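Order as written gives the chain letters A, B, C and D; numbering starts at 1 within each chain.
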């Protein structure tokens, strides 16, 4: 399959079940909602080292938020409900409770993931509970005024590790295609691209020659190793970057992959974009398979 | 002491010894250096819940970086050398190794904090070492090309918890003064303001009525509790925000406090800025005391 | 009428008929679409000195643009069709033709305002015409590749000078309310706020004691002149800022005024927002009257 | 001459004498200083259609500005003193006088270019003059409070049209090299790059086959015309972009060209950067010649 001169590999992205939640952070203005959300979703590129994968999902207008203020929605993903809850609580306490003018609300129906449920004790007995339309909110006195926080947010099954590779003839071209792809994916709801700027440049394989290391560089896709290993790169490929997508459903990830791959292909062969591929473990590990050529049909 | 109508309290900020390091992240352009640095220093507001306190220190021009590319310097602080090393390594592996086009260098003389020392094993035997002017660098093959990373960076004694409070007649005024103060502090080298946007709105006291909780809201500074507790706020104060400063030396923190307090006072009483105060434990816990009136002399 | 402690004056904004057009600028990525659009809509705050009033209306996803690339929509307003056409042509030639990777398309049905119609001659005979679905496009060879530009865009009747005043107890509070208001208005389609950051701080009256000057400071609303002139400000008002809205229809301006005033009132009296008023010439000059209390009902 | 695989042409940039001035815009915070400065320097890419060439020069810390607030320095260039004065006055009146919380100061010694000298009449007789250290300032009452503006700023001889071309194998690569170059030039004082994002993609030659047109596309550098005209491009070049630099002196432009060309060459041949060239009229028109190979020695 070829789109605008770009080869779409007959392969698939292999993805895994995760648990996810959404929270809504509002503030006096968008800038301060972003400050809080960026802190909360920082250092959250990969579940392995960060405890969760997280990012800002989208901006919210005042008429889309519970308190009529501007805000942002954040999505957080982890392997288990318990692990997710722990990450949400500690990140909310360090990055939202502390952030000037912010409030924190549920972004998914349900009450599995505590928001204010335990944070309220920071109020040292001065916190006040309000029940509005069946939802419990806490008003916690702080130096700046009050921190308004909903009791809990919901949890949902989700998918982590949707992905595709962009193979290009130079680093600048791979990066430009990634910028285009991430820009397009950012417009799709229910998904995030948790790596820095949405892009990962260090794809890994399972295992390593060093025993303690569970993952190491994916040498078959490393351009500088083309002469030394059994490579999957043709001679003209000099840079490969990966976009990893976590989403709430298969459909969401498919839409994001379609938007991202389309944007990369839009730059086309004339901009040195040679191939789109994807990362998988030959179907042995992940239960979700996203076939590139099906998605791009 | 009164500056532009703003009362400067006869009190002091109580701060603690920490360990700190600086690293330099370069990339193809500043935008991607920021992407990596923001991920690496995200979720790093307070040592208690985040493992370290970290932020971007400043932007670097191409002629200020080891590889002649644009970059940023980041500062990270922790209580112990070991704790700091662990945070730097895991954050570098998740947020710099993975970030497209980035390289990572020492920002302080010395080699106490591993950068590439262990990250190199990700290269699975294909990594290459270079010794230039006595510094060891690693070239680790990745899908995008190569990750260039220095062996290690230095460590230094440092100070955490420099701080001051801005007491204002409304939330919008306190926030405007904080924006001015953080803007001024951002121009000072060797310091960071680790909280979201540089500001903390939930100052805490040691202890709580709930046994398990080691810290809780500082009710004496909570405007909504003026009628219920022994308050430190006069009737017109309706919002208090805190700026917390970590720095490499006493002098650095003094300069930052001077710049920040000056900027807040510049807005003055006519903009509802009433008082500047600071957080301390009556001198019982922290070994560094920053007296506001001395600093502002 | 009082909203959250803020008095809504029983007055109206007086606005004028204008002509408007919309153009769409796409580029390799959003950043470069913004660079072009910001140049094109710069120095366009007021029709009096700038020749037109213009601003970015909103961001466009790849699936919303004619060439499937990311882009932004810009709106430009002038008093006459001829004046508008002249401004669009010169601004397109200086700021879009010149901007790397940009393309320029109609954003309103019609062909009254030339886009590529005359710009094409820059191609010096090498330009090529394409007719797609009844629309003519020009491909103009440039050093970077080709500038793709639609023949023309449409024109529509429009309204300039929708406005409201925010009266506050300090400058920082007025500014915070303006930021909130402009943030909310930015989410409304078909309108722009052409002044710097969306705000004007120098409201004017018709005429002056200096004969050559057609407009001068609106002293009845100047806080520093409360003691010297017949003021419209009560003693506690220390700062007044104005938000000026140009829109494609009465309904659009009403929606924008509602969103903006709501956001300002959301901060409320406790943040020093005292009154909302509006600018008019007692109905003598402008044919559109926007009554604040009707809009906020 | 070859740098990192990039050919440096044995040619020169031909530049012209201009007049320039610097002004300083301060505000309550950097964001609002930028809002004003971006409006003032918008639609100012080329002297031909915009009346002046202008851009933000650099950010200023509070201790670098006359009123101790954060600010930015802007540079404006025109062909004559009179033309420059007219542009500065109209742009200051539309974009700084109107911008909330802004103040406007001289950035160069001298008093040739009016700032407040005529703007003061907007005060309608209520303006107040202050003489501080031999400089006259005006306090003009406005709705927001007062507009503080210095009487005048200086003028200096300057140079417009310093330039270089980046020739690359694809559009994405040319753009990446331009981003790197503009990023590096932004760190150099006394210069601006007035085109959108600092880059021009539509280099022109003098004259056209259409009599009324004084300039048209530089077809010898148009990649799509390689087969039709006497081209200056070798077969692999598919995109050419130009960076135009205005500066206060020859030395400033040389430093900027060196920094920009170095940054582009840093990406190198492996990123498709093939050649650096420059625009000239064979020495017939401009009095300043910047030889690329001399600058890069």
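Following the convention adopted for this analysis, contacts are C-beta pairs under 8 Å (C-beta built on N, C-alpha and C of every residue); 3 or more make two chains touch, one makes a residue touch a chain.
Which chain is which protein? Per UniProt: A, B, C, D = Formylmethanofuran--tetrahydromethanopterin formyltransferase.
Given the structure is predicted, the values throughout are model-derived calculations rather than measurements.
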item: Shared interface numbering between subunit D and subunit C [over half = same, under half = different]; value: same
item: Reference subunit D; chain at largest CA-centroid distance; value: A
item: Pair with more cross-chain C-beta pairs in contact, given A-B and B-D; value: A-B
item: Subunit A-subunit D separation of Cα centroids, rounded to whole Å; value: 39
item: Whole-Å gap between the CA centroids of subunit A and subunit B; value: 25
item: Separation of subunit B from subunit D, taking each centre as the mean of its C-alpha atoms, in whole Å; value: 35
item: Interface hub residues of subunit D, defined as touching at least two other chains; value: 28, 171-172, 175-176, 238, 267
item: Interfacial residue positions of subunit B with respect to subunit C in the complex; value: 169-173, 175-177, 238, 267, 270-272
item: Residues of subunit A defined as touching subunit B within the complex; value: 28, 31-32, 35-36, 38-46, 48-50, 90-91, 93-95, 97-102, 121-126, 140-147, 165, 171-172, 174-175, 178, 195-197, 199-204, 208-210, 213, 215-219, 221-225, 228-229, 238-242
item: Interfacial residue positions of subunit B with respect to subunit D in the complex; value: 28-30, 61-63, 68-70, 176, 179-180, 183-184, 187, 259, 262-263, 266-267
